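Per-chain numbering from 1; labels A, B, C, D and E assigned in written order.
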């Protein structure tokens, strides 16, 4: 029996006050459930606390109150090595691909690392072939050309895909992806999203933070809309985009650019 | 001529004689604390002394105009200068002298211990009139006048309150602006850096010809000599011998390279607690070692030729006391080796001799401040290696050296040889006194204790004139025969002066080393 | 607001408290260190021909006849009153001795440090800027050489080179006391040239290397490209954006240099007869003047603790990320 | 046009530039030469280098290329023999100090909090111990010896390294890629070794050069203050002898310039190696965004 | 509308440095385009095809040891040629006439300074020197991108990704440039804020104050905002046309596949398809049309020669043999 997925209860995240200001409440009482085999999208205002939630789940931001549990272990209560082990089933794709990659390491080393950490892939050869496979999957092909490069030799989208490849290579139980495709063109984006979807189909859970409502609606089972640190709307994706109940969601949808009426079907 | 205005570059800082030294500095302006050469030199020029040495090492009057010996040498009576004044305007009289002597006597085991040798046998001093001083001794004392020539007279009205009781306060008095009455007064003083003196108008004696003089203390010889070259100094004392040849090339400089008193010696541990290497107590071994040391070469290497050999602890510069019959053992490596061979100390595979299966390998202590150290030590080590003796030399600062020499409870344990240097005044007593049993744990660094020798020492201290000379020479003979220490060489006193004016008698005065400068010398110096 | 002010004060207070603790620890450590070392005021031969009575009286005078615990207590009590004790050597208060020495050292070290910093910033920036070029290699080689050169040796060479042209001993010409103010000033400056230069050169190397390394790292940061995109001149970017960030390791280094300054200073001071702290420590060591040494160690402790506080403050001023 | 094609193989490896290789080679050669001298000192220079062969401070001549020292011994031989002790003390104590300082600094900076506080207070305590006076006391207690010098220098000079490393690690651990690695669940050791350490490695290397220099420097300082055993011949004791005997005033530059130059050369050699090591590291650092060179404009008409 | 030419780029080629020792990589190949005053040009294309590099080369933000050729004329001045053979003019244009929003805009802020201070730096000198005006201008800029004034007092690490991105946009606008180069400026923004930011840019362009080159992966956004679009593939411009032309009569097969892949609200995930295959590595030499391996319409010449960009309609250029032949036939 596979353990339950991720469960967040009454999460509050405050950032300490600075001189001349009050403390910032970035996340204000968020409840969220992510089950196995689920693909959930978070959309919402910039600065509404989405990344803060992701960071809190990964133990990178301090939680003011609330509980984050994975299966039946409370992650917020764990410290040190035990917390690290508990979080091994989680993987994060960070929002800013220009900061997230260690500039000293080659693509090969960057993508290989999670395998080493998780003690997967016995031999160097085996790891290498898995890395190549992962790179090809995210569209960085030929993989041999990319694996020797360092981040500054990659375009923005290419970096983003390296991050995704590194997260998915260990087949984590839960993937938290903070705007994983924001710099990808539609074609590559589709490829990456299909990869996340495949992971979901293998029974893993995917939590994706995004601003791209159309693709979020297409791929996610559920959509969560955040505004000013709170969840303002939550429901099955199609319901949310076709029949939004909250004013903010409606505004978001209205503002989404589309190719317009004369959106062509596949050219021929 | 950098660093000074025009007037000083043609010699002398506007009539002020500037003297530098890189080996020593005034240790304290307080006579109860300061005891080194520069401190003594300072006291000599700022304080009145009853007696003093002239340039020919004769004792002459100073504050005392006349000296009368009575009572078989047990009573000395002096008439002192009339109308003298301390620099604060208070009168300077024989009463000050009496008070000073009595205080030194009273505190000789405590606060005034540095003066103890100079007040030996004094019972009391008294001043019946402002110009009459009487000093009474328990027995006739050979060193009486030498002692009084070494005692500064202090102003009673300043020091009296501090000398109360055991005189505990005396030690912590800085005496930063001393009330004085000598030919010069201290005008400026920064510890460890410099001391400036100006003539004291109220001086009872003949006015000095200089307007003033000063000491500047350096930590490096090079810095001092650089200052001499750049006309910031007129005279440099204790110049390292290695620099002499270069300085000689400079026509504007005069190098005074004269016989000195500073003697380097190699001593053996004569303590009964040193039983590990009993062969070192065998006179023949010491003889062999003495033969193996090439003193001439030592002088060449260590002092660049500026030194003298001697066979006795009283330096040859003290012509009337030195025993010329006790010469340095000539270098003879072959005899040294033969001597050791004859004793059956065969060389091992490593070339080191063995005694009863134990290598002749010895621990030698020396203080890093000894003249010529560490070079003199490395040379001796090298030379002894040639007769199959290995020496493990350990240097340390002087206090640690003493500590190691004495060992716990003054047992003189755990070492075999030592190298050190010493210099005392014109009187031979210091040189002899140091090796008496009473100085174990004190000046006696070889743990030598011999009744015959002690007896000779005691005898000479009650004698005077030719009799005393004879006993002193006998004592030297006895000491040289026993060889508790082997004199290595006597370093010359080297000073360099800018050729300005007339600096009298510098050439012949070993006092340059002892007290750096005698009062007569500074009184007669002229510059510009 | 007041809450954050309270927090800042609290943090500062804690730092100070810790600093005080370190100081006390070092003070106690010193006390025992010097009890371990051989000899004391009474038996060190400070007074020649000292009779046993005199030794005993000296022991009494310095409290050496009491138990170690009692001595420690007395020592700490003294310290609490700002009394560092009496020097075995000149029998003067240690505090006064140290103060004069400290003032002299500061007058040599501060200009030396400033000179070194200025040189390091100029050449470090230039080298990082021309990273990989011949001049970069040359400048680094020079810096490393400077730093490789032992202070006493550099001093000797400078002394040899400037002999007869520049004064090389002491802090001033004592015989100029009567001369005009200007002459004295010129004299002081002339005396400072060699020691300050020597000191500056021996500390310069480390400064330059550290600065260059961190500058090279900084220059590859995204915000540098962004600043360039905003049209800021290279000079401005270097000065305002790169240097500020690259200064962080240098700040640490300077803080450290203040702490370990004595080692370099001892040598420079002894070559040039500079009557500073290094000199007096050296003298005290040679004379086994334990009160002086204890006092000097303590003084250095306080200086280092304070400079660490300043470095911490400077660090959090320079890097706001560290603040939260 | 210069349309360039690169096979991926070119991009792998570290690729030192020729100049760096030269510098590194030069450094290695110098160090190796000194090492060889240290080992072969007894063979090259007669065992009796300390023997007097001429006058005190004899001038350099054909027989004695570097002149004679203050005991009339051949400087060249002395410098050769001195190599051994100086190399030994410098390298051995650097290894101790850099290892200690690196570990303490990285651990303190990385873990922060209480670990940091404890380690930094410890560092503070070590930092405030004035190293030279302490050495003097220790030398007085246990006697001067090379082994003690190594231990003291090594055990007392790790603090600057620790501090510099800590501050660098402190900001590095906040970087997103480090946080990402932590989020991966990587062990502390792994994060430190693979993400934090490579970022601070260059600094550590730069620092170890600093430590090496200061170790050799301290050796010389100890000798200068008379705390090296007298029978030891090292570059430091040679300088000290020259200073004590006023070589500068005697005009005998040859008595102190060669050993000082050896110290400088030795440390320089180490830095050459370190510099090219660092360049290997910094070749991995992305390009500087601002730089001295200008943009290269290729003219089509010119080709 | 776009009567006057502001920027004219001819035959731009860019080589980027590879690992030390290896030859440079030819990234941007023979790209030409013009931007009129008040015009908005969109650059779209697959990830890694050289969009950012093209943009950065316009203002000389290339790394050391990079090389360019061709001509870049801003307001008639050749930034690469003339008296400044080594690109000094590029530097002069930067920040004053041309504002840049970098793709890495989330880390364009110096971590040690407050946001406000860094924004001041970008203001024109006459504004910057007057403290009150400067502050007002900073607040105004922040407001335009939907940020409260308090952001000026924050340090960069205290802002969310989207906030930092908006600060970067505000920074680029601060000196009132004539031309804004925006590289994926809205990746971290929600659609409302994105729309708002684009509106601000829109109104500036409408006044003729500003021209924009917008690099985006977001075809719909680019098509909505820009007047003309340039499609890039493997370092080359493969199609150039007005936005309506692109969305209705796209000429290049790649463009059409891109359009087909664009998701729309209400699509199912199976409708979101990608173009099979991957773009060629720019580091590897290849002959012929770079899109050839993936092209559903490839034929004859495609594998041997690179097609040139030919006009096939009014303001419509395409670099495809198939299209060109058809166009000429038509």
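In this text, a residue touches a chain if its C-beta (ideal position, glycine included) is under 8 Å from a C-beta of that chain, and two chains touch if they have at least 3 such contacts.
In UniProt terms the chains read A = Oligopeptide transport system ATP-binding protein; C, D = Peptide/nickel transport system permease protein; E = Peptide/nickel transport system ATP-binding protein.
Fair warning: this is a prediction, and the values are worked out from it, not measured in the lab.
Counting hops only between chains that touch, chain A reaches chain D in a minimum of 1. Listed by label, the chains touching chain D and chain E alike are A, C. Looking at B-D and C-D, the interface holding more C-beta pairs in contact is that of C-D.
Greatest centre-to-centre distance from chain B is found for E, with centres as Cα means. Between chain B and chain C, the centres computed from C-alpha atoms are 38 Å apart.
Remark: chain A and chain E have CA centroids separated by 26 Å (rounded to whole angstrom).
Spacing of chain B relative to chain E, judged by their CA centroids, is 91 angstrom. Remark: chain A and chain B have CA centroids separated by 88 Å (rounded to whole angstrom). Shared interface positions of chain C, defined as residues touching 2 or more other chains, are 38, 156, 159-160, 163, 220-222, 225, 228, 270-271, 285, 319, 321, 324. The set of chain A residues that touch two or more partner chains comprises 15, 18, 20-21, 96, 98-99, 103, 145, 152. Residues of chain D found to touch two or more other chains are 8, 11-12, 17, 140, 243, 247-249, 285-289, 291. By the touch criterion given at the top, residues 17, 19, 23, 117, 121, 124-125, 127-134, 136-137, 140-141, 159-160, 163-164, 167-168, 170-171, 174, 202-203, 206-207, 209-210, 213, 216-218, 220-221, 224-225, 236, 239, 242-243, 247-249, 253, 256-257, 259-260, 263-264, 266-268, 271-272, 275, 278-279, 282, 285-292 of chain D touch chain C in their complex. Only residues 11, 13, 15, 17-26, 29, 60-70, 80-81, 85-88, 90, 283-285 of chain E touch chain D when the two sit together in their complex. Against chain D, the residues of chain A that register as touching in their complex are 58-60, 81, 84-85, 87-88, 90-92, 94, 96, 99-105, 109, 113-114, 116-118, 144-145, 148-152, 163, 166. Listing the residues of chain A that touch chain E in their complex gives 15, 18, 20-21, 24, 43-47, 49-52, 95-96, 98-99, 139-142, 145, 152-158, 161, 178-179, 182-191, 193-194, 197, 211-215, 217-219, 238, 241-242, 251-253, 255-260, 262-267. Interface residues of chain D facing chain E in the complex, by the touch rule stated above, are 1-8, 10-12, 15-17, 283, 287-289, 291, 293-300.
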